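Let me begin by handing over the structure; questions about it come next.
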Amino acid sequence: MNWYLRIRKLIQKKFPNNKFLHRYFGLIAFIIVGIISLFIGNHVNEFWQRLIILSAIYVIMAVGYNFSNGVAGQFSLDPNAYAAIGAYVAALLTMSPETKENVFILEPVMKPFDKIQLPFLIATLIGGLAAAFSAFLIGIPSFRVRGDYLAIITFGFGEIINVIANNLVSLTNGALGLKGIPEYTTLAWAIGWAIFSVFFLWHLTNSQVGRILKSIREDEIAAEATGINVFRWKLFAFTLSGFFIGIGGALFAHYLTTISPQVFTFFLTFNLLIIILIGGLGSIVGSAIAAVLFTFAFEILRVFEEGIHIGHINIPPIPGLRMVVFAILLIALMIFRPQGLFGDKEVSIK
Amino acid sequence: MAEKEILLNVENLHVYYGVIHAVKGVSFKVPKGSIITIIGANGAGKTSTLKAIMNLVKQKKGKVIYNGEDISKKGTHEIVARGLTLVPEGRHVFPNLTVLENLLLGAYLRNDKEIKKDLEFVYYLFPRLKERKHQKAGTLSGGEQQMLAIGRALMSRPDCIMMDEPSLGLAPIIVKQIFDIILKLREEGKTILLVEQNAFQALKISDYAYVMETGKIVLEGKAKDLLNDERVKEAYLG
Amino acid sequence: MEKIYVDPLDPHYILELDHIWIKFGGLIALKDVTFKVKKGEIFGLIGPNGAGKTTLFNIITGVYRPTSGKVFFDGDDITDLKAYERVWIGISRTFQNIRLFKNLTVLENIMTVFHFKKLQKWGPFFVKFLDIFPYKWWEAGLALPKFFKFEEKLEEYALELLKIVGLEDYWDWKASSLPYGKQRKLEIARALATNPKLLLLDEPAAGMNPQETSELMEFIRKIRDEFNLTIILIEHDMKLVMGVCETIAVLDHGELIALGKPEEIKNNKRVIEAYLGEAI
Amino acid sequence: MDLSFIAQEIINGISLGALYALIAVGYTMVYGVIRLINFAHGDIMMVGCFIAYFLLLKLKLPWPLALILSAILTGFVGVLVDRIAYKPLRDRGAARIINLITAVGVSFFLESLFVVVLGGVPRAFPVPDIFNKEFCIGNVYISMATIATIIIGLICVSILFYIVYKTKIGMAMRAISVDFETTKLMGVNVDRIISFTFFLGSALAAISGFMWAIQFPSIDPYMGIIPGVKAFVAAVFGGIGSVIGAVVGGLIIGILEIFIVGFLPDLAQYRDALIFLILIFTLLVKPTGLFGEKLEEKV
């Protein structure tokens, strides 16, 4: 039995008559977590505050990624592509025409974008929708294959998007990337979106939709034999997952203020992969917690990469150390606890 | 029983799959040159027992003595080298190899000159295989695949052959042939441990039998006696 | 054997196979198979492994498309319908090697099936609402009251079905941890949850002892009567087949070699030669 | 466009394609036996390159010796990787996707480890003089490196073919690929065969790495990614698991890449994207690649 059902049964037992609590205990818990993190974020220095924002962004992307990979069991390797699409689209929409003129020195920016400037929320949503749409388009052909092959196709798509980001200069400014993106991603925005994403996908996972997706993950042939249009539902999961990753990407762009193809390489996918594996495939709350842990660990390890000077002790900078640590972590996780730190069973993905 | 030499002796065997305790302390003896049957319902732990003897399952406890030697810690290939082999449930021929290649793979551990002779023996037992020796094993019918699986096991020149449900899913007419072959193998001096759901047929040809239920042996005796046992009749012979 | 001609308009028949051929690569798996299944009967399909029985099931349920030939269901040509669409019109099945949603609970295994738009009638009682996938995905995500209301209802229905098949005590077990016989039952229950008119059972008695098998015979008759079903079953256990089936078809090497009442099959010379070996 | 230009392009294409083919064969071997997409294959190739680099530069070994020795040492690296990372998964019977994820982890591990130990700065590979010779037929140039790649590639592939299709070990390999447990019942020491497979695959990677380095003599810890990915595309294109497929796929991808650059200079920057598009379309039309065998799930 999953955690949602377990907690719900517990609450129904403790408060047999409080129907509101039966239904909305999740919402209440998430809002409390949100308020606490907002409160903490507002009372710490800027370094920690930025770290909280970054965690929140990773939470959004991770739960989105987990929805298609863990819940629906469709293993893809291209969240970097959707993050990139969300980021570029949203950034192009919020940057002022003057900034764009200054930034695009190689070629002027493509037609509609040279005039447009939209509010942050709308730009973010459009970024998410653009990512969702691209996920939908790539999903149509991709879901004709399964398993390893699906992973390969999506990996290929991630690379294609990266090549495009590097070369479609009039839209992406090539390898130089976009500079001067307004720093709109505040603590409130990031946490708000994170709470919304977790809440939304968590409920969806524990609804009939989630059950259908899980049944596809467990046994595609049996799912089809119970009347499920497997292809359509896979596509749905993939598209929705793309939407949330795109939202994450949009927020990421307005957090970094400078984006380039370098930000959205396979490296980003690798990070998200570790997060959802730590959190447990299929566990939405697990990947949210894992995202926070991962981001903090990642930033703390950065200190080692840059070298430490404590009194007379000098530890020289060790570039690449973080990735060694995380790669070992990933391998060890797969060998010793493939269900993730928070999952309670190995999800069967063939 | 006492006058015959014990070839395979299983003592207090346990098998676990994670938290599930599939085989709970099974002991039995297989004397040389006999046909011994284990009957029982699906999920009773029969297949797990055979796999544990061949060391194909990891989590197990207990002692398996073959030909006077403790083989419970040996690798599967070492057990096969000692002359004990298993014809797995569901045949499991290699569909991408030809019939001949399947048979030769059965003789993987051997380098002697007599492989050819044994091949002829298998072809003599199963003339159908000779006709189809260059066909991919995947194109054979169910009965032919079962014959191939038995023939392949014979190619390692085993002294003791364990067979897991050799009659499963075969036409009744083929089932009869398979049981005839098993009798013929005993005449050749092989020792046979049979696991069957087709209890009636199996008991008819065996010397001694064990009944397994939920991981334990609940009944044992001469096959003829079991055929007349009320409990066996009710639960397994229908 | 004599030729059978299909009349798609005959209301007594629920399923009609019309000269079905299927080839995989160069191999002919089914050769000109033609037969009809009467409404409400229990129809047995026997033959050795590799004779094409499961292939035939796969053609009826739409997993494979026949190379040539047609499939009629309730008077309609369904040859081109996809597998999941055939479930919607009332064809449901179980599998030879049980295919449950292993990591989901027993209850979830049943609940998953309640998703189609049209589910009018369900066995002995009528389902109270037509649209059984009642909320949109975003309503679930936003956790609107409608979502909770229907979730609770789905649970209630699934439990009701579990009660019928006698699995209600196991509702929160992981499907894969159920004992073998119960897994078979759950798979049948899941197939019933789609509200079928035609139920296909692929070796339902595999791995059961005679006692369980005779219980299964009773169960098959019971669900046929209660749910108003037509049942086709593949089985090797001759006792079960002869005991429960009203008509039997025998396949050998992809060909239909006999069709008739159990008595006729038992004494059919060709069947004895190719399959049974001796009369039983 | 004159004929010698086209001939030159074809030669260049074959030269690159032969490299891809050689790497792809290694990919395909491991996949063919244990159904694992060894994502880290390109990085194993990088390891082989660095071993050859140190053998040539520090030990001043003659190149044939360095080539063979690097192949053997890298082979053992491959066996080690399998024993540490993949074997525990196999023993547990983990889902295939878990294997793939682990392979991604191994790939990142090898890259980052070499960055930590050797730094990320590219180094010049000491190309033996013999490979710098060039032949000229009319206006078409062929370098010794190209000829060596083709010859050594042919030798490797022939040896491999012999092993897989003519020996007992090869028979066991093909058996393992379909049924692990039953192969054990044949008396095959499955672990040893798999180690041997990894040894062969990794040694091939080292040889192809050496050949890569004499044609593109700048080596760094990330050098394995691009050729690894391309060879991977080639292997899938040809039908992963099939040795012939890998060779044909490698050649086609190599020639296509050179042709795109040569004949469609506007699209040159997009060549990697186009290669992937081809892969995607191949998989859609024939999901198992050109020569891949069908692995259909039985219902």
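Letters A, B, C and D name the chains as they come in the text, with residue numbers starting at 1 for each one.
The working rule: contacts are C-beta pairs under 8 Å (C-beta built on N, C-alpha and C of every residue); 3 or more make two chains touch, one makes a residue touch a chain.
Being a predicted model, the structure only gives us computed values, none of them experimental.
*Asks:* Using the touch definition from the top, what's the fewest steps needed to get from subunit A to subunit C?
*Replies:* Between subunit A and subunit C, the shortest chain-hopping route counts 1.
*Asks:* Let me check something: if the centre of a chain is the mean of its CA atoms, which chain is farthest from subunit D?
*Replies:* C
*Asks:* Please tell me whether A-D or B-D has the greater number of C-beta pairs in contact.
*Replies:* It is A-D, judged by the count of C-beta pairs in contact.
*Asks:* Could you state the distance in Å from the CA-based centre of subunit A to that of subunit D?
*Replies:* That pair's centroid distance is 32 Å.
*Asks:* Taking each chain's centre as the mean of its CA atoms, how far is subunit C from subunit D in angstrom?
*Replies:* Each chain's C-alpha centroid was found; their separation is 48 Å.
*Asks:* Please report how many Å separate the Cα centroid of subunit B from that of subunit D, as a whole number.
*Replies:* Whole-Å distance between the two chain centres: 43.
*Asks:* Please work out the Cα centroid separation of subunit A and subunit B, and write it as a whole number of Å.
*Replies:* Roughly 53 Å, centre to centre.
*Asks:* Could you list which residues of subunit B touch at least two other chains?
*Replies:* None at all.
*Asks:* Among the residues of subunit C, pick out those that touch two or more other chains and give their numbers.
*Replies:* Touching at least two other chains: 63, 95.
*Asks:* By the touch rule stated above, which residues of subunit D touch at least two different other chains?
*Replies:* As it turns out, subunit D has residues touching two or more other chains at 299.
*Asks:* Write out the stretch or stretches of subunit C touching subunit B in their complex.
*Replies:* 27, 47-50, 177, 179-180, 206-214, 236, 238-239, 253, 273-278, 280
*Asks:* Would you tell me which residues of subunit A are touching subunit C in their complex?
*Replies:* Interface residues on the subunit A side: 1, 5, 22-24, 26-27, 199-201, 203-204, 207-212, 214-215, 218-219, 221-230, 236, 240, 345, 347-348.
*Asks:* Which of the residues in subunit D come into contact with subunit A in the complex?
*Replies:* Per the touch definition, subunit D meets subunit A at residues 37, 84-85, 88-89, 94-98, 100-102, 104-106, 108-109, 111-113, 115-116, 119-120, 229, 232-233, 236, 269-270, 272-273, 276-277, 279-280, 283-284, 287, 297, 299.
*Asks:* Show which residues of subunit B lie in contact with subunit D when the two form their complex.
*Replies:* 54, 56, 58, 75-77, 80-81, 85-86, 88, 92, 94-97, 101, 104-106, 108-109, 152-153, 156
*Asks:* So in the complex, the part of subunit D that touches subunit B is made up of which residues?
*Replies:* Contact set of subunit D toward subunit B: 91, 168, 171-172, 174-175, 177-179, 181-190, 293.
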